[in-house]
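Here the structure comes first, spelled out in structure tokens, and everything after it is commentary.
Letters A, B, C and D mark the chains as written, and numbering starts fresh at 1 in each.
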Amino acid sequence: MKTKSMLLGLVTFACLTPLTFAAKQDGFNPDISLVLDGRYGSYTNTSDYVLPGFMLGGEAGRGEKRFYLGHSELSLSAKVDDMFYGKLTTAIAEHEGETEVELEEAFIETLALDHGLAVKAGRFFSDIGYLNNQHGHTWDFMDVPLVYRGLFGNQLIDDGLQLTWLAPTDVYFKLGVEATRGNRFPAGGASIEGNGNQAVFAKFGGDAGISNAWQLGFSHWRADIEARSAGTHAHGAVSEVPTFKGESEVNGIDFVWKWSPNGNSRERNLKIQAEYFQRSEDGNIEMVGSSPLESSTYQGEQSGWYVQTIYQFMPRWRVGYRYDQLKANNTGSDAGVLAEAGLVTDGHTPERSTIMLDYSYSEYSRIRFQYSKDNSYDDGDNLFFVQYIMTLGAHGAHSF
Amino acid sequence: MKKFISLFLTSIMLLVAIPATAALNVFACEPEWASLANELGGERVKTVSATTAYQDPHHIEARPSLIAKVRRADLLICSGADLEVGWLPLLQRQASNARVLPNTPGYFEASAMVERLDIPVKIDRSMGDIHAAGNPHVHLDPRRIQTIAKALQVRLVELDPAGKEYYQQRFVKFNQRWQQAMNKWQQQASQLKGTRIVVHHRDWVYLFDWLGIEIAGALEPKPGLPTTAFHLVSLKQTLKAKPAKMIVHTTYQNPRGAKRLSQLTGIPVVQLPYTVGGAEHVKDLFSLFDVTIQRLTGVNK
Amino acid sequence: MKTKSMLLGLVTFACLTPLTFAAKQDGFNPDISLVLDGRYGSYTNTSDYVLPGFMLGGEAGRGEKRFYLGHSELSLSAKVDDMFYGKLTTAIAEHEGETEVELEEAFIETLALDHGLAVKAGRFFSDIGYLNNQHGHTWDFMDVPLVYRGLFGNQLIDDGLQLTWLAPTDVYFKLGVEATRGNRFPAGGASIEGNGNQAVFAKFGGDAGISNAWQLGFSHWRADIEARSAGTHAHGAVSEVPTFKGESEVNGIDFVWKWSPNGNSRERNLKIQAEYFQRSEDGNIEMVGSSPLESSTYQGEQSGWYVQTIYQFMPRWRVGYRYDQLKANNTGSDAGVLAEAGLVTDGHTPERSTIMLDYSYSEYSRIRFQYSKDNSYDDGDNLFFVQYIMTLGAHGAHSF
Amino acid sequence: MKKFISLFLTSIMLLVAIPATAALNVFACEPEWASLANELGGERVKTVSATTAYQDPHHIEARPSLIAKVRRADLLICSGADLEVGWLPLLQRQASNARVLPNTPGYFEASAMVERLDIPVKIDRSMGDIHAAGNPHVHLDPRRIQTIAKALQVRLVELDPAGKEYYQQRFVKFNQRWQQAMNKWQQQASQLKGTRIVVHHRDWVYLFDWLGIEIAGALEPKPGLPTTAFHLVSLKQTLKAKPAKMIVHTTYQNPRGAKRLSQLTGIPVVQLPYTVGGAEHVKDLFSLFDVTIQRLTGVNK
């Protein structure tokens, strides 16, 4: 008996050594993950995309017609050592016929600072709101809610520093502050020499019984903006660029509720999610490039919300519904300038209803059908999209 | 802005209440390890399990409550071997708790303590949800539990040296009871040797290895992929040539596929507890194997 | 003794399994392959490159003088799951002093649709012709035949969908259709809102005895072209851009014959390959940017062929010869406009003779010497190139 | 366009003629597996081999005729261990035949059934054409052939349950004959134990492992790279210190290098069949080893 177990021990040991080596080998190359995203779009509009009452920028847009590629996203990530984690994400995308490589993320993060503290530095998705820090391929719809499109140019990405503290409590409670450069939309050249951008957020969360989990978040974002110009994404080539200078402040609240029978999401699960953001802006709009220079004072009050629910009714298949709405009340000294900046609503309330059905052959492959009744602008339209999202490589994280 | 901050602070007041702590806060990824920690740690440990017997440990989300629990843990006990690859690394990254990171004494990976089976020769995604480091469901072999218990006792002493004697005594007692139970189980299950069983997922490799049971097929066409009608028909063909005694599944697996195959072939379906809490009387590791063997042999008669 | 060796066997076996995994090591990271391509060119011409009778675009060109880099190509590929395969290829290249990242391929493909059916979606090399779907580093010469340069801007790459069917027959017979966006040269903004591009192809193939194999292909390609402009590659900065609008149709036939003694290509092998394409176009040419707008009707008849043979006379060493020729007969209402668009031949027949010698130290490294007597345009020249092509990483496929 | 379509259709009519099928269409990557499939499958299988003994199985192109064959196959039998990495994955991808993809019953990887030798500890391309999964030329050890034959029989039954008894009977018969032949070969080859032999490529590792033969050197400076004059001279030096009995190569390897070394050293060259079809009388696996041992011992006398 003893000999036998020694033997077993020997075999076990013989096994473990190479395995350790195996793990090491793998560990020295960063984890690589590649997302392929292809789409087919169908709608009738030919006009430029606008959102009445909102200056558009960043990646904001409606999607293209017929076959086109979404972002092909390549991520490399690894632990730097036992203290730091690092990640880089690049997206290759076509914008108006030009292939562009975008640097979406390039950050490091502490792993072992302890006491619930963590520091992140570099370029990262801001943690404000619920959806903002999620990569496009994990979205439940092909596009972001209108309020993200209108306020953040789809997503708030910035270069800077984040400090978070996780409380040692039964209820999840996380507090975070961010100080960032603010060069990109919507800060678009924040002042104080590139340090005019701050955010604060708090997140609470927990379980309600074995089948339910929830998270509630509050966010605040502010910037002293030097020169935010409406991006060329939606406006094509314009010679007069409406440019905002002033203060901007966003407050938001987000809520997510997830249910699955006995907490086992494999077979069936339900997700309800809602967010509300409200933005106040105060400053001036200049039409850069106009001669003589046209300008206007500008006080903006914009808000938006959405609510969406996703139901996986059987393995592989999910359905979803989303409703979103925006509101804007912008005033200024020169209505013409505001109109050119896209800040005049003409009484139009942007709103949209979207349904989607998706099929995931495995965790790594998804095909999605989406239909929107889109009244986000006057030329409302019926938008129909088919999309595939396929992930090659490293195992994705199942974040909440 | 000020209103906002005061809202924050009020919320914190309401929700935050730092609780009293035991000697060791143990966070077990699966109920079997929570049970083992309780056996060995007794009153010196306060144990929570991230999952229940009704949840598939492959597919858990790093939800807020789990992050909060890892934040306060002194010791994580998990199956490892990539079973929790989808959520545990994220928990560890988000909890900002240096004591339970990989390669610290506060992270105990059960499957690393024993020889694993099913280690693939090469891997790619076309093989389904496969584990490069081998099959992680090691807790279903009582012999491996024994090895893991010994290693866990050493770890508990390392983390809480004040309780050294306490842990050692509990281990000796546990080990005695376990050895006796193992002898009993082996006797009870001797008739199962050579039995062919259809499984839902390859959760049962270690149990079958221990009892000499043969896997006759799997309801999942590839690990992690749902059963398809087409696959059931081809399984039926296979089972015609080489019949099986029963079809087993866990509490967290949908029994539809098993029932359908049973209709097609007349082979009975057995739900096994799989882990602690997976059946009515399964309160700990002892009753887990009691009930498992009882259900397996019940069909065999 | 026997027990001991059994024991050893057991331990060895126990060890081997994990070790194998270790050596394989790539884990779930995608296969990565990197091609490095460097060149040295020598010729006397200083004039812009033109092909009389053909509008140039895409990557069409002659190659540069002295040391320069070709495309540095990075590929990632993997099985997404057991149903899908995905691949991304980017090329880093310098064009007129600018470093550009080009997205050559980003597609997914079904693996297990069965019944001989397969679907490909995303951006991919079209399967028309023999050479079109081959990556630059697998070409037998440094450059493509003139007919590919003239008709397709080197290679036809597009975003869309491909469906193929492989017949369950002894003789290889594959049928395919493609529907693509057509934004790139030569479709250059196909109409029907980005769905004006279709292709059909059929391929036959088989063996002739043990030492010979062959493949025969027929291709058809068509597009409703909205605005194809001659690329800036060959023309530099021009203020008036000749732009074609109309219908375009290409028919082609391709043939390959391979021989090696007893079918063992390791020591010696021979490859003979020929393709013929014919294009008909009907529409208008406008000089975009001219004032008043100059335009002309345009009926184009263009064709071209090449034949080439490559002989590996001993391991590592290959020689090759290629002859290619083009013909164009374009008519229109305004000869001046056609001339500016490069569509007038002035009786010149583009033709070229090329010889090459290459040495492959291993399957992954190749050094090539190539000489062309190039009469593809009036300022014919002697072109001499030296090129290295080195492949790092994943094992390349030996496709036919 | 219309002319074009009619050209298509006419071509199809001429070339397409769907042939009658056997119970199982077997596509063997190498002749040894075609031979084994015929031994075990008899009349229930229709076997084609992708390669002949005159072709280097490392360097095959995924040519149209092979794609067409894989399209219609029910079972691929290949050496695996990356021997066919340059062409088989491409064939599998292009043939759109879900039945023979990796990790399906329709793909039988012979080397995965046995213990492999020469598994490298680490790999990079500077080591030449090396196989991460170990040496794939497993068919040259009759003991391994025996193991593989057993596994193949199980696979044939799985794919064609109706022929269960037929396959089992054939296997039993084959196994008996093989065991007898092995005894005979071992006796005949006993004198070879400890013999030192120069090889062209490391194709012979398993044969030599079985017979106790030692590799005295390889004509290839690195696996997969052609012989160089420089390397031959350095080999000559090595052989001066520790002489070898013979230089062996396969039918698909150029004998020039072997002959040159023979001139330099006086060591005789022996061409071995390597696989079925590799010499005049080598019609099956039995004659493969008959002739191999005959040629090896012929020199030794």
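What we mean here is this: contacts are C-beta pairs under 8 Å (C-beta built on N, C-alpha and C of every residue); 3 or more make two chains touch, one makes a residue touch a chain.
Bear in mind that the values here come from a model prediction, so they are computed numbers and not experimental data.
Listed by label, the chains touching chain B and chain D alike are C.
Remark: rotation between chain A and chain C after Cα superposition is 120° (nearest 5).
More C-beta pairs in contact connect the chains of A-B than those of the other pair, out of B-C and A-B.
At the far end from chain D, in terms of centres built from Cα atoms, lies A.
Distance between chain A and chain B, defined via averaged C-alpha coordinates, is recorded as 35 Å. Computed from the mean C-alpha positions, the centre of chain A lies at a distance of 54 Å from the centre of chain D. Within chain A, the positions touching two or more other chains are listed as 11, 15, 19, 22, 25-26, 361-364, 392, 395.
Shared contact sites, meaning residues of chain D that touch two or more other chains, fall at 101, 103, 122, 133. If the chains shown are joined wherever they touch, the resulting network has some other arrangement, not a path, ring, star or complete graph. Chain pairs that touch one another are A-B, A-C, B-C, B-D, C-D. Across the interface of their complex, chain D is touched by residues 121-122, 124, 126-128, 222, 237-238, 240-242 of chain B. The touching residues of chain D, when paired with chain B in their complex, are 101-103, 112, 133, 157-158, 161, 164.
For chain D in complex with chain C, the residues that touch the partner chain are 1, 4, 7-8, 11-12, 15-19, 51-52, 54-56, 59-65, 67-68, 71-72, 82, 85-87, 89-90, 93-99, 101, 103, 115-116, 119-123, 125, 128-129, 132-134, 224-226, 252, 254. Those residues of chain C that touch chain D in the shared complex are 9, 12-13, 16, 19-20, 22-25, 82, 85, 109-118, 164-175, 200, 202-207, 210, 213-215, 218, 220, 222, 249, 251, 258, 261-267, 315-316, 361-364, 392, 395-400. Within the complex formed with chain A, the chain C residues making contact are 7, 10-11, 14-15, 17-19, 21-22, 25-30, 32, 76-84, 86, 88, 90, 100-103, 106-108, 121-123, 159-161, 179-181, 183, 192-195.
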